[in-house]
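In the two assemblies presented below, chain A is common to both, partnered first by chain B and then by chain C.
Let's look at the complex of A and B:
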């Protein structure tokens, strides 16, 4: 499971996370730990790209729910970007698509932070 | 006419084996030229069922068996998943209220909810003397 992070120079609270690979029960807890580490380091505005997620199960969805909740508690925000066909399909099946802020591009997501 | 596509193939209850289980389901259903969307749904539903077995029925014990059987039932396919763990009927789990789920972040229930939305029927075989038998049935769309 790939996990890359990009920081924005003049916006220290923002981090862009690029997930790559299979987000199943095997890898989900590892990803959640890494994202929680970012939040504890002060990254309260997170953008997560799902462009390269090949597989997503409920344990993956659970991460986004958990992160969303953790960020709310610290007045942060989560934006999801570039949902590929696999990710979009599963978000629709479980009817979670309207419960997240989803954008097509990094720029849109970054500009949407208040 | 019933035909086995996979007959009681054994997997060990390691999370890393979920990928092998998904591959097993995928290869079996591809042989029957099942539509790729139905294959994806069955792979995901099987993954959810097996994840529940590993995490709950076996309490993350990584050396227990999971048996997968896949049957061609003509206009539908069935996947029977057997374990030897604690008795657990996933059909006893009620669907979560998704608004509350996010608001209060309840950890359980999402996997079973997802399974219900992915397949057409879920049967829990109550007659099993020990362990659990859960059967996932999907009515097939037109072949790809």
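Let's look at the complex of A and C:
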């Protein structure tokens, strides 16, 4: 399990979060706590990379819904990047794929922030 | 038939996934089928940890995996509080994220990925344990 954050020098509101490992109930609650901490520190524009997420459960889906709602309350935005085939399949099945802004690269996601 | 017994510690979700995944790989089940079964098993075990054992980490869980030429069956047993899935409303797959209920996604995914999902409850037909049995047909 891993949780790394990259900041962008001239864009203090943006943080890129790299998740790693199994996004099951165990790891999801930890991730949610860490991300809420980032939001409370003023990171209102979040890019979350799922590149190294080897497994995604409904607990993982739930935190993306929760984070999206929290960010909306503070006029923030959430972008997801690098979903693998299985993650995409799960997002599609629960009809969440169109509800999130999903990009292939960090650059695309960062440039899409308004 | 393969069997594993463990406690309701969320860290054991990975142990369960490794156990089931390894056996199914050895049986040369296709990787996309394995992924679907692992997801359903994880969701079922998560429900046991969260609902049957209310996140207590010392509850007993037993998993039995049966692999046949035409189907894979997984039964997971627990001795916690009877969790009736019909008490959890299935998610409303609305277009609006704000109206999404947080619960029910796990059972929804279990039913999507497996062909049969049956719950047997403690206290019925002389049972002293809960069981969720999930079957995937291979054809």
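Simple rule for what comes next: the second predicted complex is superposed on the first by the 114 of 114 C-alpha atoms of A that agree within 3 Å, B and C clash if a C-alpha of one lies under 4 Å from a C-alpha of the other, contacts with A are read in each partner's own complex, and residues count from 1 in each chain.
Assume a residue touches a chain if its C-beta (ideal position, glycine included) is under 8 Å from a C-beta of that chain, and two chains touch if they have at least 3 such contacts.
Just so we're clear, the structure is a prediction, and the values are computed from it rather than from any experiment.
Q: Given the superposition on chain A, are chain B and chain C in a clash or a fit?
A: By the criteria stated at the top, chain C and chain B clash after superposition.
Q: Check the residue A:69 against both partner chains and state whether it touches chain B (first), chain C (second), both, or neither.
A: The answer is both, since A:69 touches chain B and chain C.
Q: Regarding the shared-chain residue A:19, is it in contact with chain B (first), chain C (second), both, or neither?
A: The answer is neither, since A:19 touches no partner chain.
Q: Once the shared chain is lined up, is A:47 touching chain B (first), chain C (second), both, or neither of them?
A: It touches nothing on chain B or chain C.
Q: Just to be sure I follow: which residues of chain A are touched by chain B in one complex and then by chain C in the other one?
A: The answer is residues 22, 24-26, 55, 57-59, 61-62, 65-66, 68-69, 86, 90, 93-96, 99 of chain A.
Q: If you look only at chain A, which of its residues touch chain B in the complex?
A: Residue list for chain A touching chain B: 22, 24-26, 55, 57-59, 61-62, 65-66, 68-69, 86, 89-90, 93-96, 99.
Q: In the complex formed with chain A, which residues of chain C make contact?
A: Contact set of chain C toward chain A: 10-11, 13-14, 17, 35, 38-39, 42-43, 46, 49-50, 91, 93, 95, 97-98, 100, 102, 105-106, 108-109, 112.
Q: Under the stated contact criterion, what part of chain A meets chain C in this complex?
A: Touching chain C from chain A are residues 22, 24-26, 55, 57-59, 61-62, 65-66, 68-69, 72, 86, 90, 93-96, 98-99.
Q: Mind pulling up the chain B residues that touch chain A in the complex?
A: Spelled out, the residues of chain B in touch with chain A are 15-16, 18-19, 22, 40, 44, 47-48, 51, 54-55, 98-99, 101-103, 105, 107, 110-111, 113-114, 117-118.
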